[in-house]
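One structure, as structure tokens, below. Some questions next.
Chain lettering (A, B, C and D) follows the sequence in which the chains are written, and residue indices restart at 1 in each chain.
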Amino acid sequence: MEKKIKVGVLGATGSVGQRFVQLLDGHPWFELGALFASERSAGKKYHEAARWFLPYEMPEAAADMVVRSINDIKDDEELAIMFSALPGSVAKDVERRCAQAGYCVASNVSVHRMEDDVPLVIPEVNSDHLAMIKRQKSERNWNGFIVTNPNCSTIVLALSLKPLMQFGIEEVRVATMQAVSGAGYAGVPSMAILDNIIPFIDREEDKMQSEPQKILGTLDADLRVREAAFTVCASCHRVPVMDGHTEAVWVKFEENVSESTIKEAFKSFHSDLKTPFAPEKPVILREEKDRPQPKLDRDACRGMAISVGRIRAGKMKNEIKYIAQGHNTVRGAAGASILNAEVMLERGYI
Amino acid sequence: MEKKIKVGVLGATGSVGQRFVQLLDGHPWFELGALFASERSAGKKYHEAARWFLPYEMPEAAADMVVRSINDIKDDEELAIMFSALPGSVAKDVERRCAQAGYCVASNVSVHRMEDDVPLVIPEVNSDHLAMIKRQKSERNWNGFIVTNPNCSTIVLALSLKPLMQFGIEEVRVATMQAVSGAGYAGVPSMAILDNIIPFIDREEDKMQSEPQKILGTLDADLRVREAAFTVCASCHRVPVMDGHTEAVWVKFEENVSESTIKEAFKSFHSDLKTPFAPEKPVILREEKDRPQPKLDRDACRGMAISVGRIRAGKMKNEIKYIAQGHNTVRGAAGASILNAEVMLERGYI
Amino acid sequence: MEKKIKVGVLGATGSVGQRFVQLLDGHPWFELGALFASERSAGKKYHEAARWFLPYEMPEAAADMVVRSINDIKDDEELAIMFSALPGSVAKDVERRCAQAGYCVASNVSVHRMEDDVPLVIPEVNSDHLAMIKRQKSERNWNGFIVTNPNCSTIVLALSLKPLMQFGIEEVRVATMQAVSGAGYAGVPSMAILDNIIPFIDREEDKMQSEPQKILGTLDADLRVREAAFTVCASCHRVPVMDGHTEAVWVKFEENVSESTIKEAFKSFHSDLKTPFAPEKPVILREEKDRPQPKLDRDACRGMAISVGRIRAGKMKNEIKYIAQGHNTVRGAAGASILNAEVMLERGYI
Amino acid sequence: MEKKIKVGVLGATGSVGQRFVQLLDGHPWFELGALFASERSAGKKYHEAARWFLPYEMPEAAADMVVRSINDIKDDEELAIMFSALPGSVAKDVERRCAQAGYCVASNVSVHRMEDDVPLVIPEVNSDHLAMIKRQKSERNWNGFIVTNPNCSTIVLALSLKPLMQFGIEEVRVATMQAVSGAGYAGVPSMAILDNIIPFIDREEDKMQSEPQKILGTLDADLRVREAAFTVCASCHRVPVMDGHTEAVWVKFEENVSESTIKEAFKSFHSDLKTPFAPEKPVILREEKDRPQPKLDRDACRGMAISVGRIRAGKMKNEIKYIAQGHNTVRGAAGASILNAEVMLERGYI
């Protein structure tokens, strides 16, 4: 790439916003051009506005950048992409304004995910859905557009389901054990989670039960998604783990599929993506009896691969069970948006 | 009770053994008469032999008791009950010797659980199975007998299923989040579990998939158990929690059952047991959106009640999902054996 | 006690406020008469206003009590004592208003602790300082009065120093390892403390460096405290522990004192207090090589005793080192205020 | 370096042994030539013998290497350096045999550290002590030699003291909060440390109280170390942290030294070492009010730098206090031995 493309981060001071800043540092294609946050942070240097908590030094380029208000985004910023980690309450309005003004909004926020003309994309799964961008721009009469990535726990699940779609999935049950970083910096008090499990995450089960069918659906000629026909039933739980969501998955197929067939499907699954954040192997099969584990596997392929393991025949007919694991703020959030943007750039959408 | 009954503890120095010692302290019916452990501990006072790790003072009566070898148990000890927390490797032999010699062996060990003439009992669920004792003694020509309680994670599951049996259970899927105390004192290194999930517990899924059907089965006239007809499929995981197993459960019924019917069934479930360790309410329904939690609910009814919550209609036909939680070393182990012994005493088996 | 005395709790919904409510439940002398909190909670029932997080059921008497605003406290409430767990920002004003109106304010808050006419009391250490109440009422022309207990980490330290005062303490250095409950429910995010140590607690070192000298000082005839002459230097750290502060202490004496003398001093230290919350033994000496530990020792004497151990000769002249541990929200906060109130009642101050 | 030097690892399957294997992978100067462990592991491939627990894939070069017995080391292995992570019980004998046979033994084990002719080296502090190798070889009539690095907690302390030596240190008090990885994989059971502090680490205080004076001592013309004259008094504690030892340090100087002078000394301290593992900055000064923290700072300079912060004037005369932190298995163990070996190679000792 001759010259890097300038990008902005919306909601730059929060948990996922910090991940964007960290992951974009040294990115070969993208360059941080602006940081946007609430009025409260506006005018401060980033290192003053953000309570940095990642185990890396704050990137120098970002540290002295003055944070700007999300209310002061101009239509002609020298920015091509807006990565969005905004709180749900303000995301709808700000993301739409940005898309209308001509920016590519690569959003990690849930508000637009299920809209009929908004691509919900995991590139290794459904990059063809990006074609919906054309319909979105035309129907909404926008100069730019919004592309979303799924919820963190959905990404892990959907990536693991992709290689199994060929066998005819009918039902999916999933119990999650989700890391605290998924709730944002102050989301889970230590008094709530030390030596404890919280068997509830607000709206999480709904997302897991609806997003996978869109992601794993097929794009029709009229640029509409025909959702995949399987049903998902999720039970979501918070555990005292820093990073990495672990998921116990049951998949019921139309007919019997053997353990070895499933393993082979995971093993042979690969992606053609060659962009900077694309993992060499999106789904890593662990053969040990007690893997994957978040502490050992969350950083596989720099946090961009998920790991699966413990493939076992279930006790019910045509059912197998397995464990999936992925880094929730890298593969499951900021890294997902960046990978989406890379693919969009490569394919000429930006 | 005019005079307390003397009891022994087999495997008294280990994790569950210590729980027996702690729970028996001050018991209104039972009195600690002897502590048995391996040759290595034999001859030492209990406070020297056991690396006590419970957050209570070691009971004075036990502290100065001299630990005896499990190889030196005589046939005529002044003991009526042997509570067994032996390691699997030696349990089979020692428990049988004790039963033959005339003791009531109330065992928390798995080796005898699935034997055809050994009662596997949760008193609130199937105390009638104790009638098998007669057959066991007669067929084996023993003076005493062995009665077992289920695996810790099974007890939580089976207790929660009991009130639902009336609706016709077809399938049960369960994902566990199990406390480290279930593995014994040195079972889970801190380096393995801090900031981590281990999605594997040796032989645990097998136990959960076979024990519930025996417990919830019916006793035929020939004193044999006809197992319940449902299928269980379990996925077992270790989490960084001290005590208390949490379980995400999906139950598929023969026909549709509403959330409110399920809640009502949990609420109205009660037990007639009035013995010292019997909880006032064996299954507590929590109505909060984020309960039960191990830290908040494991000590309910002094650790002898399980808690259920988050009753939700599943996405699949005739299915509901819920969360169950129980204290794994009290309700799920030592307390379970003691409650069994109380009921046996009350009903004249001892 | 013929009839229980009615008491109120100021700041009843917070972390320490909940402890007050829990500890007062079933108290033989005191009866919960009113719960006060911010305007935001006022008008709600306590079980709606408080996000209860203690591993006990919310006391029934409190659950349905309607929370009242701290701005609506009348001068003639049917309450004799106000237990205060208010945030520092509002405590000064509200506590003074209450004292002026005639209530006994037993406060866990820091704002008034170091005021010249306010007793800072640990009953086993300096209950005689309560005599200052007379001066306070007279000088301030108040109908009631304020009595405070020290900061949680100070209580553990000062209680452990009391038996050593007889040997002439010159210098005290202390490194704390403090539980997260000391910071209140939302005080320490899990992302900040899981797998981590935070070597900073706001204003904590100042409190530890100034409060002990007042507590261990002597009361002169004019009802003024002459502070103890030793110097304290503290380093305070937050650790991933739920409850129980652990402190590594170095004490330098005027002359050499042997380890055995120190142990004897701890062992023989006792208190004459016989009130309900007074621990049978305020300072428990643990002789094991690796005690005290918060998980094992914090609940000693229902959380009201501190534990000390690892008494060792230091490497520097006339110095010994040891470990002290105590429950920070029981002995170190709500329990401390309640014990103060009990002693005041017994001695006729209320 | 034209051709890499072949090295062996003694005790390769344990906690520190695994770190050696991981850190040596891809090392520009050294190449793994052999892995030695107990008889039990001998003959197995490394991936079978070692229960790998590091959050990196096991290096391919090591995975298929056949582990050999420490009893079968020949005198003429094609290895120049033996990195030792042996258990203390066998280290003495094996290390001596290796040194006698001609190998450079770079040892992380404590047995030889305090011997009069064995260098105890932190290169940034006392690389000149390596000159003792000559005396060791000559006096012991060995073809090779043993060089040791200090205990993990000593390394953090001694590195932080080095820049302060110029001010005349008289007394050092230190309270440690040590990570569980310091005790080896099975060293600390999770039941012992979850939600807990263990205020005892076997022999740790002795090491911290004696090693720093040797490291910070001066080498006389007769190649003997004259120990530094200050006294160290340590209190050591285990905390529920994975990696990274945190230390609260009090230093008493001969005369008054200001906070800003200390900060300046830390800031301006640097090392001339340019070898692969030498950190750009051995001691990093953090100016934030709540740093260093193990989770955020342990990986500074790939784990080879320590961090200091919270420099504060103490309350006692001529005393300052601060916090030091370092990665215990990288900078404090395997990385320390590797850095020692690099410096020895560069200076012609190997």
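Here is the rule we go by: a residue touches a chain if its C-beta (ideal position, glycine included) is under 8 Å from a C-beta of that chain, and two chains touch if they have at least 3 such contacts.
Bear in mind the structure is a predicted one, so any value in this text is a computation, not a measurement.
Looking at chain C and chain D, the chains in contact with each of them are A, B.
The interface holding more C-beta pairs in contact, when A-C is weighed against B-C, is A-C. One simple way to say how far apart two chains are is to compare their mean CA positions; for chain B and chain C this gives 40 Å.
Distance between chain centres (mean CA atoms), chain A to chain C: 47 Å.
Multi-chain contact residues of chain D (touching two or more other chains) are listed as 53, 194-195, 240-242, 295-296. Chain contact summary for the complex, chain A toward chain B: residues 171, 173, 175, 177, 194-200, 209, 231-233, 235, 237, 239-242, 246, 248, 250, 289-296, 309-310, 314-316, 319, 321, 323.
Residues 53-56, 194-195, 242, 295-299 of chain C are the ones that touch chain B when the two sit in their complex. Of all residues in chain C, those touching chain A in their complex are 15, 53, 180-181, 185-195, 240-242.
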